[in-house]
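One structure below.
Chain naming follows the written order as A, B and C, and within any one chain the residues start at number 1.
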């Protein structure tokens, strides 16, 4: 029952995946993020919590977007940020990754933000590092991307604080999503009574019902009376494998339009992790519409990352 | 008569092009730059004017040189600088650029420095952003590159403060120059009575006389008694289109040598926006000679960029 | 007898190579590094010695590892760091490098950290820059990489302070090593009485004995009773040229294993400049063993670079 994310006092030591985070820790992150959401509104958007600390952005897979969010979060906390784009091609074996980690540790790095194409890379690194170092998983394979999951939950809590009363629909490529499973877990942990997934069979994991969700293949049924519509990104390269005839076809059946959204509750919010494929998963009228909280998600993403970094640095 | 660069109080809101800047604003920028020119001489070359602000260097086109000048200017103002090199290949439509802008805005970016191969990109972004955000055009297509134009004017004013008495010659590829037209506009606005362009017909815009300049095709005539010789860069890829036989041929006719410079006033200054093609537009003896102010231009470029950023942040 | 690394008062002006550094300066760097070794242990790992200074990391050759160490060192000294990756392909002639340098100087850069594939590049730049600017050689061709040499000497002094009593063995590709010759020079200058090199003839410079070292081709003889085993990295591309049958073969003869290390003194330390080729130059059991000081070398590397930068900034 050893949890690799917690230290002996049960405090957050690494952020590797939402699975395994006790409700207490989830709430600590969300509450801390609440206080940072205000920092961005201030004239001087900086707090000195990580002054003199060195945060290493270790990107074995390119992701300008994710890299930027962590860089901004770390700089607002006054940390020194070192970004390393390490092509996996120059990294023949796992052992070499650990040599890289050992070297950066010897340079007194305090925190690693790790992005890697392979599932489990951040776990492996967390297992390896010295006790005073923290690791944040910034996305590994299709496994986990916990800060994305947390910012989604934060956004839901912000707009729909009565979580015990919510109906949430997750729409699209659950199978390959880095976050969908984490999301389901977090929502359930925080007391959301009904989580639905809406997707073609080819984009759902085989045992998806075991996660405690209701499965729908039809948007008209699945969206009915929900409070939250969480769209997932459809990566073009998945289209073929999923036996989807075309993006147009997908949009027709699973794309979120104003008409389909009208089936949800009138005050339902619409979410998307970005970057959006407008006209594939979502219509521009909805993406830019009054029910969309897609840009607030981005804003809260900085607050959540600042919260995670400051909690890890404090423990 | 709505000027997209000014706010309702007539203050600078964005810097998109020199055209449309009232004389009052031009002088404000030049006077502010004057005060920053001193900062670089100090022991601690930093002022806290942009502390806690996030400046996004958004480069859709690579330009290490320009990126570096803005990065240095922003850091000397104590801003946090985030650099994004966004290849236009991954950006299929204009709409996606605006999604990128919206996302960075949601992360509470305060200022965008935009470089794009297409004319009008910075204007489009300025039109789109929220009211508290400022946009600086760091070069778009062959349209505008206002900070380069401003630093040139600043340099002229520094060395030849009696602008009402000046004769300025701009030499070379006016047709494709990002700055030549802005320059002409700024010099005229600030009261320079005589601006000449010297170039082969193939490197001049058709209606160049309408800008109020005197046109010369012969260096010996055009350089006669001028106070300022402003050389333009000749891009190799333009050579063919301009029906220029060769770089050697160009240098023979339009390259600035000590002999040709002797036709100008004895205290004339020589300028070049860099990077220089030594032996094509300009002889090394002139580039490195006593009349050259090419390196001071670079120095003043930092002061001018600091001035623009601090004015925008204040308005 | 003019030393390009010292100013008129005999103080360090540039760090280009260990050769030519008087014993006095070597000791000044090592003693200053001693004081910085403590900074990294502090809660806030930052000192304001280079606040407001601009350090330009000018990398004409890619080296993430070296770039990172200088970036961390400069940021811990509170400098503004500008990194320029300049591909040598876009740099046709030496003159253009100097134009780049002149431009960055005009932007009031205070220090250049230069990495270049050609021997002598940093020297050329140091010769060219204005008097108030300092240049640090971060590796040029197979010529010199002085901070690596200094951190090795610092590590030896830390673990074996009685340098007048030491026997040091340098093992491997001395011929192509950027550091081996500097090391030999520094150790001799600091009074180490016996330096050995152990390598196949094909990986030794022709006149290696003239450096005052003892030459061995057999590990069993060469490692006998040494206090320090300094392994060099074997670059794969050297294998063919050195007429080495294979990496396996090399490991068998010159790779450091626990058995071979047992021939050295029981308290001998093992060093490697990294990145290691485990199973080629060194067995993992030794690299990660109790006698290894390979990671402390990395730690001291930051302290040594901070020391060099702060000494240069002070002179």
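To be clear about the criterion, a residue touches a chain if its C-beta (ideal position, glycine included) is under 8 Å from a C-beta of that chain, and two chains touch if they have at least 3 such contacts.
These numbers come from a predicted model, not from an experiment.
For the copy pair subunit A and subunit B, the superposing rotation over Cα atoms measures out at 120 degrees to the nearest 5. Because subunit A and subunit C share one sequence, their contact can be compared position by position; here under half of the interface residue numbers appear on both sides. We define each chain's centre as the mean of its Cα atoms; on that basis subunit A and subunit C are separated by 42 Å.
Those residues of subunit B in touch with two or more other chains do not exist in this structure.
Put simply, subunit B touches subunit C in their complex at residues 40-46, 64-65, 68-69, 71-72, 75-76, 274-276, 278, 295-299, 301-302. Against subunit C, the residues of subunit A that register as touching in their complex are 51-54, 80, 82, 84-86, 95-96, 99, 102-108.
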